[in-house]
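Okay, so subunit A shows up in both of these, paired with subunit B first and subunit C after.
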Partner chain A sequence: MNQHLMADIKRTAASADKIGAIVEFDQVAKSYGAVCALQPTTFQVGAGEFFAVIGPSGSGKSTLLGIVAGFVPPTAGAIRVNGTDVVSLAPYKRNFGMVFQNYALFPHMTVAENIAFPLRMRGVSKADTAERVRRMLGMVRLANYGERRPMELSGGQQQRVALARAAVYDPLLLLMDEPLGALDKNLREEMQEEIKKFQAALGATVIYVTHDQHEAAFMADRIAIMRNGRLEQAAAPRELYERPLTPFVASFLGEATLLPVKEILSQKGEEVVVKTDSGLKICATVRSIAQAGSSICIRPENVVLGAASKCANSFSGVIEEVLYTTGSIRYRVRLADTQTLLTARIPSHPDIALLAHGERVEVGWRRQDALLVSGD
Partner chain B sequence: MTQVVNEAGFVPGAARAWRKPWRPGRGNGFLLIAPLTLLCALFVVPLALVVVRSFSGPQPGLAQYIEIVSNPSTAWVVLYTFWTALLVTAATLLLSYPVAFTISRAKGRLLTVCLAMVLIPFWTSTVIRTYGWIVILQRRGILNDILVGSGLIDQPLRLMNDGSGMQIAMIHIMLPFMILPLLSAMRGIDANLMRAASVLGANPLRQFVHVYLPMSLPGVSAGCVLVFISSLGFYITPALLGGQRTMIAVLIEQQASRLLNWPLASALATILLVLTSALFIIYERLMARLGGGKPVGEVQ
Partner chain C sequence: MRATAGTWPVARWGVLGFTAIVLVYLVIPTLVIMPLSFSSESFLRFPPPGFSMRWYEAFAGSADYRAAILNSIKIGVPAASLATVLGTLAALAVVRGKLPGRRLVGALIIAPLVLPQIILAIGLFPVMIRLGLIGTYPAILLGHTVVCMPLVFITVSSSLRSYAPTFELAAMTLGANPWNTFRFVTLPMIKPGVIVGFIFAFTFSFDELILAMFLTSPATRTVPRLLWEQLNFQMTPVIAAATVVLLVLTMGLLLVAALTERHTRAGRRTEG
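For the complex of A and B:
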């Protein structure tokens, strides 16, 4: 980003001098006939917050966003934006910005006309429109592209036009549905940073749908994880990763070995001893009441290979798979109970010799690194 | 390789694909030899003969054309043909747009039924449909029976004589030619565009005016050109339903096979050909200038 552009962004931020909307979801639900796309969901998005929604395909993310935008009428519940229920408002009266996955740029208009469209709909004067479009084009680094048609731009450029169009009327709430889904990896990472800066400059609240957990963790203040139309957990990325509430959250965000628990042997405060389905006795940590039908979650980077005797949990195993990925080595270790396959990841270093397939190895992890999570 | 397809069935990146129509490869030109030969022998050469004959009648020169223009009855037929084509095109467009819009939104059985209702008449012979209209519109036909019987009018309408019956039948016959191009343009409009317009602040009327209508224009112009040009050369319906009002094609037939005035018939045919081609070229130029639309030959 060049100097001139940064100055432009700062000026916009200063002149905007506003704060994004507070969005409250109150028992919002949606079903299509017998299909339940969204179960009653309650959560709040703070003013100026970057709120990501992630989940597998079909988990109800777009439905959630469509309900906020107004083109999916909810079957129940209320959405309050700065305290006002917007459910009965038509989309064109809500004054939110939205970036669609395929950008939804109007192909029969030029880039400048696309960006001017929302201003035109609001009756902004010609001169004012031209000025704001010009500034917006500068902000998204497309100053010389105003007269082009969207089809003549690359995917990343189209994405930026969509962003400019959604933000040109200073909406207090920006909705984005997998805005980077169609871009290749390098461009995606570049755009992630740009969108973050863009949001900081606008001061808008953002609800950002993606199926890419890395993208969500990188960009968001908080992440909501959806599954089968239900919100599983909403928390800051670090908390989600380090303290998942359910096995689904644990496995969706990052990698985890999940061991189903057969019975709770003892619990003392946060410390708990459990027996897994495969008969292993494991010392673990629990944040709530230990329940039957829960699982032990172990992050691969917390598994110690070799001198593991110091750990509360220590087992012998056999290396079953060795995988080198840039910067780290990933092992799959079959524990002595023969059922458990544990994933371990250790940083790669020239001094470290690779363990060979079939080699016996001591594995272990600390009590606080084995989390007891409940649910299926 | 997996492709992400969203709810609308939209493949990201595929958007740019529709711009590039298929073109035959350079090396495959020989495949065109047979059809080109056929076209030359059976179409281009006879047509050239017609054009030549129009100038070489009993007295070589422009005599036939002067005759057509200076004789009020033939000049009038040419003008009336244009007026009818214009009227039929406008009426077909007005009737077809809402129908095509509804069909483009329909799903499942409704879609099948609607399409059948458009296509079955389309596949039915024009002669049969014209006779159908005769049954309805003639002096003692169904329409007049109802109107007179119910006391709405005293005298039966003379729809078979003043050309209006012919125009009604032509509008009916031309409907599929308008609906189908409209439908193909409308089904190509991404539903997300309307949602985007809505979120950006456009009420339903403005969504239609600023997004839907412009995006359906390629279909509108393709349909209009198709209907207008077909109407100019329409023969069966004017011949059977036109009464005293004659269109160019009927006049050509009269001159050629009844009065055996081949030079005059050739001149009339040439006029029709030149005007039709001119219209088509103007249309193509216009579409190329607008850039957004697809020429009529490339409607999906």
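For the complex of A and C:
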């Protein structure tokens, strides 16, 4: 009865070599009546790529994952997996693996039975099943836990069982929905590395939904940032951080001071001079045509305190807040225009004297560190 | 309510005392039947003048009671089975399905349990005559199925509500079609609710009198109906003995139901 499962989605020649599928999202959209949960979205996930989707709650990331898994029928668009549109396929015919936030391990089955379940559904022989379950248990370092019940395992161990169960049938695509959301911080960091290694060993394509930007930046090859049912930007973590396209992306991934721009005074190639809403004149860099309604984005680690006269942008200000975090000091500086509150972060060192609250200070940043980003 | 009782000891003792009084008034009359069944006398009289087992012997030797017990089982088991299948399906549809007006449907399913049985009996009586089923096994069996189904519906619904549907979603992503998802995931998860529902349904059918009076004939007469008829003609302690046997059986089954529920709840706790 299950022979058709594999046949439903053609594997590419490359996938025999344990390389995950290529997934194309083509104008995929979802609305509930008049409420739009996902605007037409187009992007591609490469074979074997670790693709993270992040965004605040209600941004459409869970809807997107539900559509891929087959739980949520899209209103429009196509999802092609190795070229085959899967939108009309039932979830159990898609041959994807999915890891849920609460693991969803079947409590009435042992760990080994849980991992064997997808193989049983595919009519794999008993001997073959036993062998693959054994290999999988070894891979997630739970070789002696096969006979235990899921509830007897710790959160991290359950997580590993869920991974093993979702991967034991070499799925074309692994979907993960906040898989580390229920774990405490230390264990989460440990599991991040573990999942990365696991994915590399399998060569699987992964779509990973999380609300944790650090997790996404650490794990993913590329990150898609969602907002209000829209894909804001999809790029490698470094590019997202260093070249955000929108103010939202700039502030969602990492920290940023955003200064709304009132007027573009001049543009010459990438160099642009703008006037902010608060009246500051700033030399900035722009990747495209400068538009009205943009913002200047300044990363805190690029702000220079003290001898800032060498910088293209230099202002005087007053320290309003001093915060020590492990390894660095974070200052909030009120600029002379009185409206702008600039965040600066400098590495901490025993030789560096802490600036005091209310102290006058010279602040500045280079032209290339002030990025003009468009949109709201 | 709970907060009030918790913070004010007076209220707590009051509630406790009220519960005790209710239990005493409800349970004591039921227990009075026990000493009566061991009476040495031929009338139902309290307190009994002496001890004997003769009424139990009479009960065991009675062909009427034997036939009635057999009838009760012949009706109770299939009625409870049918109610279990239908009640489980109804619970799945109402709790997990997306049909509109689910609350109303749920209320309608429970209605036969809440409404007085006499109303159902009066309604079913002409229908069964029309169908030519009156006095036959199918008549009482269907009648009991209608009143037993809500019991299963309630227990299975609460089982379904006790866990998120993520398990079913997970099963589907793992390649289980809807039938396999039900068979390997949903059914094992709701099994306690189904078992308890079946036991409730069977005990209900086994104890039910009103529908039995309307829908059975002397050939399909159940134990409660036989007891009722005997009470009208003779007041011997055989009735008491029969009642005690019924009581012990029913209590035993309900105990099994309670243990099943408690066992699963303990299991769930460790899991969380």
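Just so it is clear, the second predicted complex is superposed on the first by the 360 of 376 C-alpha atoms of A that agree within 3 Å, B and C clash if a C-alpha of one lies under 4 Å from a C-alpha of the other, contacts with A are read in each partner's own complex, and residues count from 1 in each chain.
Heads up, the rule we're going with is that a contact is a pair of C-beta atoms (placed from the backbone, for glycine too) under 8 Å apart; a residue touches a chain by one contact, two chains touch by 3 or more.
It should be emphasised that the depicted structure is a prediction, and the values quoted were computed from it without experimental measurement.
Colleague: Subunit A superposed: clash or fit between subunit B and subunit C?
Modeller: clash
Colleague: For A:F106, using the defined touch cut-off, is the partner it touches subunit B, subunit C, both, or neither? Pick first, second, both or neither.
Modeller: In the superposed model, A:F106 contacts both subunit B and subunit C.
Colleague: Let me test your reading of the model: by the given contact rule, A:G181 touches which partner, first (subunit B), second (subunit C), both or neither?
Modeller: first
Colleague: I'd like to know which partner A:M151 touches here: subunit B for first, subunit C for second, both or neither.
Modeller: A:M151: touches subunit B and subunit C.
Colleague: With the two structures laid over each other on chain A, which partner does A:G364 touch: subunit B (first), subunit C (second), both, or neither?
Modeller: neither
Colleague: Quick one: classify A:P118 as touching subunit B (first), subunit C (second), both or neither.
Modeller: both
Colleague: Let me test your reading of the model: by the given contact rule, A:P300 touches which partner, first (subunit B), second (subunit C), both or neither?
Modeller: In the superposition, A:P300 touches no partner, neither subunit B nor subunit C.
Colleague: In the superposed arrangement, does A:S62 touch subunit B (first), subunit C (second), both or neither?
Modeller: Only subunit B is touched by A:S62; subunit C is not.
Colleague: With both complexes overlaid on chain A, does A:G229 touch subunit B (first), subunit C (second), both or neither?
Modeller: The answer is neither, since A:G229 touches no partner chain.
Colleague: Shared contact residues on subunit A for subunit B and subunit C?
Modeller: 69-71, 90-92, 94-98, 100, 102, 104, 106-108, 117-118, 121-122, 151, 165-166, 169, 175
Colleague: Provide the residue numbers of subunit C that touch subunit A in the complex, in ascending order.
Modeller: 164, 166-167, 169-177, 180-181, 184-185, 188-189, 267-268, 270-271
Colleague: For a test of understanding, state which residues of subunit A touch subunit B in their complex under the given definition.
Modeller: The contact residues of subunit A facing subunit B are 62, 69-71, 90-92, 94-98, 100-102, 104, 106-108, 117-118, 120-122, 149, 151, 155, 165-166, 169, 175, 178, 181-182.
Colleague: Name, in rising order, each residue of subunit A that touches subunit C in their complex.
Modeller: 2, 5, 69-71, 90-92, 94-98, 100, 102, 104, 106-108, 117-118, 121-122, 150-151, 165-166, 169, 175
Colleague: Over in the complex, which subunit B residues touch subunit A? Could you list them?
Modeller: Per the touch definition, subunit B meets subunit A at residues 4, 6-8, 10, 12-13, 15-16, 19, 190, 192-193, 195-203, 206, 210-211, 214-215, 291-292.
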